[in-house]
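Input: one structure, supplied below.
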Amino acid sequence: MVNELKEGWDVNQMAQKVALDIPDGSYVNLGIGIPEKVAAFVPEGREFIYHTENGLLGMGPVPAKGQEDPELINAGKKAVTAIPGACYFHHADSFTMIRGKHIDVCVLGALQVAENGDLANWSTGEPGAIPAVGGAMDLVAGVKTIYVITKHITKTGEAKIVKNCSYPLTGKAVVNRIYTDLAILDVTEKGLKVIELAPGLSFEYLQSVTEAHIFQ
Amino acid sequence: MVNELKEGWDVNQMAQKVALDIPDGSYVNLGIGIPEKVAAFVPEGREFIYHTENGLLGMGPVPAKGQEDPELINAGKKAVTAIPGACYFHHADSFTMIRGKHIDVCVLGALQVAENGDLANWSTGEPGAIPAVGGAMDLVAGVKTIYVITKHITKTGEAKIVKNCSYPLTGKAVVNRIYTDLAILDVTEKGLKVIELAPGLSFEYLQSVTEAHIFQ
Amino acid sequence: MINKIVTNVEEAVQDIFDGATIMISGFGEAGSPIELIHALIDQGAKDLTIVSNNTGSGEVGLAALIAHKRVKKMICSFPRTANSTVFPELYKKGEIELELVPQGTLAERIRAGGAGIPAFFTPTSVGTPLAEGKETRVFDEITYVMENAIKADFALVKALKADRYGNLVYNKTARNFGPIMCTAAKTAIVQAEQIVELGDIDPECVVTPGIFVKRVVKITNPAQESKLVAENRRYPW
Amino acid sequence: MINKIVTNVEEAVQDIFDGATIMISGFGEAGSPIELIHALIDQGAKDLTIVSNNTGSGEVGLAALIAHKRVKKMICSFPRTANSTVFPELYKKGEIELELVPQGTLAERIRAGGAGIPAFFTPTSVGTPLAEGKETRVFDEITYVMENAIKADFALVKALKADRYGNLVYNKTARNFGPIMCTAAKTAIVQAEQIVELGDIDPECVVTPGIFVKRVVKITNPAQESKLVAENRRYPW
């Protein structure tokens, strides 16, 4: 029973939860990795326009095998397509969209999220590691709503939802909502508020695997 | 005889002198008024590309009567044409060309030029006058070479080539060379050096109508 | 479904409020959204701050908006143009404020407003009256002045073609301030001569990506300001 | 006559000097001017500072330039990508410097370099290690960090089409850093798949106006980096 509880939602269910919270007509940037899965779950009747910071607004689905164009890629450097009504632009214009607060929603992965909304998702800060930041710091500084989608705890059992990030920050107090396999949490002025628990899971169990203080 | 000397070059001759000093392949911005006349005198074998700061690189000649397009104009808001190889762009990109030092030569009119190259060409500073600056300050700050083309003295006989500008400045120490009806003068570290005198004119006569100190 | 097309100019400008800051595209008459400006006159909003390169001519378009005393302040580079009498008269009487900004600095301040850049340094206007009172700083032995971003509540912009996503292309030098103004306004309102299907504008040639546009209204044959002025027309007619 | 077309890549890169700062377009392999980079390897310039979003992959293109120890310092946002082993190894050994810049700040610093803006303020990276030691300032209650422009001696850029004036268009997301790098380099050197006549590129669709370009060389069928990497190719071959 406990094992079953611990599993919570799978990655697709998490992605679907995120998609359900994105309003119709939103301009959306999806981070590399799990966030990319959100694109598969646009709710019936809604239209989102996907921005990829390397220079495309109106990113479409993955191309059919053999149809990949090495000059039509997303921020994760994977082949994509462009929808009718798409447009291309250079990096300064692309980050005008981001920094200028024109993108409505960004969905990002995380190494750690703190209870005040601090995000760490670009470096573990280990000596000798090659730091690589990409557009993450621009996205959290500029996008109106930041959703994080992440496993609740690491593979080695460490908390990712923490009191204070121990890893180098991507941005301070930038996250609005966290979607994990176990729960959905809002970052509020009072701390992390549990919005939804995965089926069969108790609040007490969630607190036991969450370093940050949470409330209902 | 004195009257004849005072006339010096006419406006077309002045414009031609300017054009002769512009190297082949230059990107050139021509100010409103007399500077526009320079375009008519491109020396044989040279190709200049004209920039107009309202958003066109590759400005061509005035259109034939009846062929004017109100959405194809120059900085003076007069109808122009575009040459093959021209392109349109918005104002921020246009002033990237100017401020970023990509334009080679700018030819401007002047109210006053001082012996150190200070230029005043946007306002007489009279109380009640409507100030209007346009792109003049950007041009003098950003273009590599600034040529001034102007009558040597005002209609009312006042010196325009002065020790210090009494009118509000467009830019400090920005002018490289001055083309008047009476002479061509270089702005040097030592002051204004006479490069050429209009036919029959003496250096002494030129100094007598020039408030600034000049030398040969 | 995303559909930014609205049915008429009245609907397009209905929520413009008293005291709003409005950017208006155009360099002279090229790119001036005259039908949107006339709709704004009809709509009645006042105490406006207008950001536009010029102040209009005759008594139509922007000049008419000013003539109707709707404009508290102009932010522009060149308020004095051919056939512009409305602004100069009010200005001499002290009935309208003017913030004069060099043209390239005006463009860059608008671009910065759209790009999330609150301030930047520029060499333009250093040593002139327009830099007085402003912070300066030396980089690599050259003095620069700090300029702040300009943002607006609304932009009124003229384009050639638009689609329902709000993607835009412009016509020749009528492009001028439109693309940057769309980025710097909370609500960019566009009049376009043609509304086309998604995909009809080559994705390599879109000048204003739709993300910067909130509303588009079709004005098939926009009035030509200089003709109206030559005919001594006044708005409202 | 203005003619920026040069006959081959050797001529295009011949004057690149030791110690130069070079911007190289591309995001991953998209837009990476691989033939120009290979010509630079052959040319031999060293102690280079390279400004590019990534550090290349395999042992071709930018990665090969780094592998040949020609690069003193990388300025980039994401040095760690699929199949990139050359940079990480040298970095861990302390044999190459890295200035890590957020991607949008990198783009804006390059754009500023081209636009004559020596410095600007941005909210990106505030409160993170990448803002440490940098000047910050509060505008409207939000903290921003000051960032300086980046300029270069040369840019190596890949485009789709060019004409003799140097006007350019790009292919899809291969556009990425090319347009801003052309503006920020003293000498922008471009490889284009097609050379077209003046006027063949619609003046409304030119992405890089020729004023920003010094040299163009035709490379009809540029190599695809990922294919070369998959084939374990190394440059020079």
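Just so it is clear, A, B, C and D label the chains in written order, and each chain counts residues from 1 on its own.
Going forward, a contact is a pair of C-beta atoms (placed from the backbone, for glycine too) under 8 Å apart; a residue touches a chain by one contact, two chains touch by 3 or more.
Everything quoted here is computed from the prediction, not taken from an experiment.
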Comparison of A-D and B-D by number of C-beta pairs in contact, larger one: A-D
Most remote chain, CA-based centroid, reference being chain A: B
Rounded Å distance between chain A and chain B, as computed from the means of their C-alpha atoms: 56
Euclidean distance of C-alpha centroids - chain B vs chain C, Å: 29
Between chain D and chain B, distance of the C-alpha-averaged centres to the nearest whole Å: 36
Chain C: positions in contact with at least two other chains: 108, 111, 115-117, 122-123, 170, 172, 203-204, 207
Touching two or more other chains - residue numbers and ranges from chain B: 82, 88-89, 92, 95, 98-99, 141-142
Graph class of chain-chain contacts, one of line, ring, star, complete, other: other
Pairs of chains found to touch, sorted by chain label: A-C, A-D, B-C, B-D, C-D
Interface residues, chain C side, partner chain D - complex: 108, 112, 115-123, 137, 139-140, 142, 144, 148, 169-170, 172, 202-205, 207
For the chain C and chain B complex, residues of the former touching the latter: 27-31, 77-82, 87-88, 91-92, 98, 100-108, 110-111, 122-130, 170-180, 207, 224-226
For the chain D and chain B complex, residues of the former touching the latter: 1-2, 111, 113-117, 163-165, 167, 183, 197-199, 201, 203-204, 206, 209-212
Of chain B, residues touching chain D in the complex: 24-25, 27, 47, 49, 51, 57-58, 82-89, 92-93, 95-103, 141-142
Chain B to chain C touching residues, read off their complex: 52-56, 69-74, 77, 82, 88-92, 94-95, 98-99, 128, 130-138, 141-142, 168-172
